[in-house]
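All chains are identified by letter, namely A, B, C, D and E, in their written order; residue positions are counted from 1 within each chain.
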Amino acid sequence: MRDRLGRPPALLVLPAVLATLLLLVPLVAMVASTSWQDLPGHLTSRTALDALRISLVTSTVAIAACLLLGLPLAWLLARVDFRGRGALRALVTVPLVLPPVVAGVALRSAFGRTGLVGEPLLAWTGFAFPFTTWGVVLAHVFVSMPFVVIAIEGALRSADPRYDAAAATLGATRWTTFRRVTVPLALPGVVAGTVLGWARSLGEFGATITFNGNYPGTTQTMPTLIYVTRQSDQDAALSLSLLMLLVSIGVLIALRDHWLGTP
Amino acid sequence: MRAGRLVADLQVAGRVEAGFTAEPGEVLAVIGPNGAGKSSLLHAIAGLVDATGRARLGDTDLLALPVRERRVGLVFQGQLLFPHLTALDNVAFGLRARGASRAESEAVARDWLERFGIADLAGRRPRELSGGQAQRVAIARALATGPDVLLLDEPFTGLDVSVQMALRMELGRHLRDFPGVALLVTHDAIDALTLADRVLVLDGGRVAQVGPPAEVAAEPRTSHVARLVGLNLVADGDTLLAFPPDAVVVSLQEPEGSTRLRWRGPIATLAPHGDAVRLMVHASPDLLADLTPAAATELGLVPGREVWLSTKATAVSRYPARR
Amino acid sequence: GGEGGAGAHGELTVLAAASLTDVFEELATPFESEHGVDVRFSFGSSTDLAEQVADGAPGDVLATADEASMSLAEDAGAAREAVTFATNVLTIVVPEGNPAGIASLADLADATWVRCADEAPCGKVAQAVLEAEGVTAEPVSLEEDVRATLDKVLSGEADAGLVYATDAVAAADDVDAVEIPGADEVPTSYLAATLEQSEHPELAADWLAWVTSEEGRTILHDAGFGTP
Amino acid sequence: MRDRLGRPPALLVLPAVLATLLLLVPLVAMVASTSWQDLPGHLTSRTALDALRISLVTSTVAIAACLLLGLPLAWLLARVDFRGRGALRALVTVPLVLPPVVAGVALRSAFGRTGLVGEPLLAWTGFAFPFTTWGVVLAHVFVSMPFVVIAIEGALRSADPRYDAAAATLGATRWTTFRRVTVPLALPGVVAGTVLGWARSLGEFGATITFNGNYPGTTQTMPTLIYVTRQSDQDAALSLSLLMLLVSIGVLIALRDHWLGTP
Amino acid sequence: MRAGRLVADLQVAGRVEAGFTAEPGEVLAVIGPNGAGKSSLLHAIAGLVDATGRARLGDTDLLALPVRERRVGLVFQGQLLFPHLTALDNVAFGLRARGASRAESEAVARDWLERFGIADLAGRRPRELSGGQAQRVAIARALATGPDVLLLDEPFTGLDVSVQMALRMELGRHLRDFPGVALLVTHDAIDALTLADRVLVLDGGRVAQVGPPAEVAAEPRTSHVARLVGLNLVADGDTLLAFPPDAVVVSLQEPEGSTRLRWRGPIATLAPHGDAVRLMVHASPDLLADLTPAAATELGLVPGREVWLSTKATAVSRYPARR
């Protein structure tokens, strides 16, 4: 069903090539101006490895949480008619437009030591999110969730709802239908949402540092390490970015292969 | 299993408005022209469209239940096989959804595929099946869960003759033992006449006639049913006249005698029909007439030619057009 | 005289470290009326600004919060000779009312406190001060800049933070300052220079003169800055 | 086809409610701690209005460019089989994981006055991107494009490709098919991608300030203004954020209504 | 318009492998059991699946062209109407794609809908149409562009009798004037016999027989065709024997005489067929036999009962089983 339909028209290929160049050229230019010989150094530096580990762990936990909570929300928005659906959909979009630092401030107002939820939480359990790895996860979830929910909702709405009806006539509960029909049918969209959310969370910087600060081994993620490094050593910062890029590409490619068969 | 009488009086705005009852074990054929509301009626019973009215199965109020608790087995007109599941998984889906183990479900599903002669295609996705193969999977999927009510929307479309015959047999056997109510939508007179205990005729969203197949076939109330069973139907005030095409006499001049049973119009088509030639004539209404090829040639019948049709009163059955 | 410099319709663009936001805006008002020009600011982190200047960012004056950034711009040949126009010293800030009862650097040991990261200018100063005082207490966070450090105290997330005296002055309504004896041993310098790409070099020089003038120093001093 | 399928199960509603709370609580807490009386003041402040205007204009131009270039790219990735498709898809993902500041640096290496492309461009045309409103647009396009492409590709891959084949038998070129069949069928996903991209671009801060500086009236967007304001006045910064939120919600709701009929 | 002879010899791996020619203006019916490769053949001509071999239309090499330049009109087995477009826009789509103005396309499309009796549904989306209504839109969509080759994959499925009859007329008229080649896949003997100039019989992906309808009906080579035209087919070495069900004699004892034309097996089904009763007997192969209801009652025939079948040699037509 591919090229049988005719060669892709210039009207589409040209913009696509332009888009590719636009994304490619800055990366090439950056990589070209980066010192590769520093890379092995970072791979053995405790700080860099710690930050990389925290980044990978927190984004992965965060994206798991985003899927766990966001997939049902996306489903609700796409498939269930209820009052206030429009408002809820708008609400989900809001954190998207918050500059990350403001997102951090919002998180603090809610989950900080003196925050709306944070204060009672601290009083009852002695636990507070800020300055902990859990706080980093929380920040990641907050900034990534909208991406996950909106991308997946879009995909769910493109999928034919009549299959859900067919499943119901066969005796499937909505939960079974969700698990065995709705989500599998929208899988490419779900994967896209996951990739977006994970990447967003991996690159997240402003909200995390505002809400959690930056301490090596607990809250210092790659982006915060890169940011502080940049203040004194530009080259080291770039080569750290490169390290992060390579690792995340590796993860993404592995994920895709695993989830979607051939990429 | 909630076997019981199905008492329904359902309205789907702008699509169908039909009341009927069906006894447990009964097969009700639903016939009617395109857009008569057959699928809508089935979907209303299954709960897939918003319907008002009543629908009781034994003691149960179906309308109060969500789709999945109505325990209907529905063969969709458009199949709607799950594209991401294999034929086997499609058939096993309902069993697993109702709590059977994977092994058990697959065994039952495989058994159904076997019965329908497509066991070797168990591992294929719907997109890798031919139209008729997919249709068989769709029927198997609906039957496999052992539903309380069977809703079959044109189940034999796209099947080749032998499969149709085999499936009609298989389904006939299944329906004979089936304790619940079965509704069978069809455009095929044979299905309606051989598989059904009673026939429900829909026309323009309303019930035009209900009765045993033989009665409906003998005294059709709608032109659609008349055409389906191959009769001509003419309304004469409150009386309906039905007569077979081979009781129609074709002539080029106005027939003599005082019979009111004569009509005039151009020939619309002319086609072989068994050993005879079948004419369709644009009178009011359209009428069919069978005559021998020799007679057709002799009269020089060609499409467009004006002819007179008449029929002997003895060949006509007359019955009131009451609802 | 009101009609000097680059003329009545000129515009002076000053690239300045974010920590100078308030004081520079205050300095701009009299300058604008005196020279009949608009002063436009582009605030950012010192490193960013220096790099931008090196990349040819439009502007007349660059003011950084440390020497390293300024030398970056100088090395790129974008900044003319820099002058130190202000200094700053480290101080402890605590939330209003000092809930954790911090009276000196030594009290930090039991507190949730924050300071700048080692790589940031304010972090270098903090490191030096802490070392000089022999304090080994570990902070909960190494903030990216002094603003973020202050922010953690302002919001009550931290019991104390090491920030510049100017920050303590600016936030005086919401935080209390605890002076660090010996902090003036390790001041940090604010440098300013006119830029190669300046289209109004004279006006730029006037700005430098203005911030280093007696009047300018008073305004800087009121904001908590020291003078070199 | 809604609740006929049964009540949404607790297994889905509960996580969805949690997700909603997670997004809602920080916003409520933030709004609660913001001084609304400052809002009218901002609405008359020249700086704030300039920044708001620049933000809206640049994100809108950026999202238009993203769609113009990214939609064809998403289509190519979803519908055309070519060598290197997997690599191209990975490439598109890369800018996602770049921390924004690093993205700014990468942009500078490419389009800066001495950059790979920027230098010849300056030499031939006298034009350079950095520190201009075009530069802001470029930065926005660079950071938002991956969101647009990945979200839309996911939606396109969920849509049935047989409709494309049907269009071809009816004599439609791939371009016509793209315009009249493929995109309309995946419209919810395309809208989702657009919303994500626009919002990402509206909230964009790091890449913009690094690449373009922070000049009021030309490159100062709302997020950079908020950054600067935060240096001296926390409250004013928050109330600026609020202003931005309100405006963007307004725009999003208007857009949705316009594009999708009822929301 | 590239009217010309269609010379095809196409292979789709694992699905179909068929060579045939069709003259301009000819209607070729393609029949065969489910999964025989009929749809695959049509898709190969249209260019929707990867096919090897040759396909020339006049001087044009179809295989070298992308789908849209092949100028085929394809009615898909699954309709595939664009769900986001109205019935009118669906039909107008091809015209607009080929460059006609909006007004012009819509006028032509409206005309087609009119002809198919669904002009009042012009503004409906496919999901708001009944199955038969949608099928008519699908046919209209394929015809509206005025293609060089018409590929109709079971176009009459889901249509009610009168519409089927009307559409068969309409299509017959259209095909008579149609200068190109038309391929019509069908499971209905009437379509094959009345609309087609020649019949192409597929079986297991290969061509089993090609010939005029009358010839194929009289001397079927596959059991599928035999069943389709209602004949029994028995292989006897290299010779095929065909005989009608009403030439079969049913008895409970082994028939006397030396005829080799006798078989034995249990009755599989027993159903009314016209005025007669039709038996299907599981002999090898399965055989049909018609007898009078009286005879059936007298013999005490019930499903499962073992019977003997025999036929007079005079009722049997014999012909070689060559390809």
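Heads up, the rule we're going with is that a residue touches a chain if its C-beta (ideal position, glycine included) is under 8 Å from a C-beta of that chain, and two chains touch if they have at least 3 such contacts.
As the structure is a prediction and not an experimental result, all values here were calculated from the model.
By the document's definition of touch, common neighbours of chain D and chain E comprise A, B. Under the touch definition stated at the top, chain A and chain B share these contacting partners: D, E. The chain pair sharing the most C-beta contacts is A-D.
Taking the mean of the C-alpha atoms as each chain's centre, chain A and chain D sit 14 Å apart.
Distance between chain centres (mean CA atoms), chain B to chain D: 54 Å.
With centres set at the average Cα position, the gap from chain B to chain E is 20 Å.
Residue positions of chain C with contacts to 2 or more other chains are 51, 151. Among the residues of chain A, those in touch with two or more other chains are 1, 3-7, 105, 162, 165, 168, 173, 185, 187, 227, 230. Residues of chain B in contact with at least two other chains: 47-48, 66-68. Every pair of chains in contact is given here: A-B, A-C, A-D, A-E, B-D, B-E, C-D, D-E.
Only residues 162-163, 165-173, 176, 180-181, 184-185, 187 of chain D touch chain E when the two sit together in their complex. Within the complex formed with chain A, the residues of chain E that make contact are 47-48, 50, 66-69. Considering their complex, residues 1, 3-7 of chain A touch chain E. Residues of chain D touching chain A in their complex: 1-9, 11-16, 18-20, 22-30, 32-33, 68-73, 75-76, 79-81, 85-86, 88-103, 105-107, 109-111, 115-117, 141-142, 145-147, 149-151, 153-155, 157-159, 161-162, 164-165, 168, 173-175, 177-178, 185-193, 195-196, 199-200, 202-206, 222-223, 226-227, 230, 237-238, 241, 244-245, 248-249, 252-253, 256, 262-263. Residues 32-36, 38-40, 77-79, 129-133, 136, 153-154, 157-165, 169, 172, 187, 189, 193-194, 223-224, 227-228, 268-269, 271-272, 280 of chain E touch chain B in their complex.
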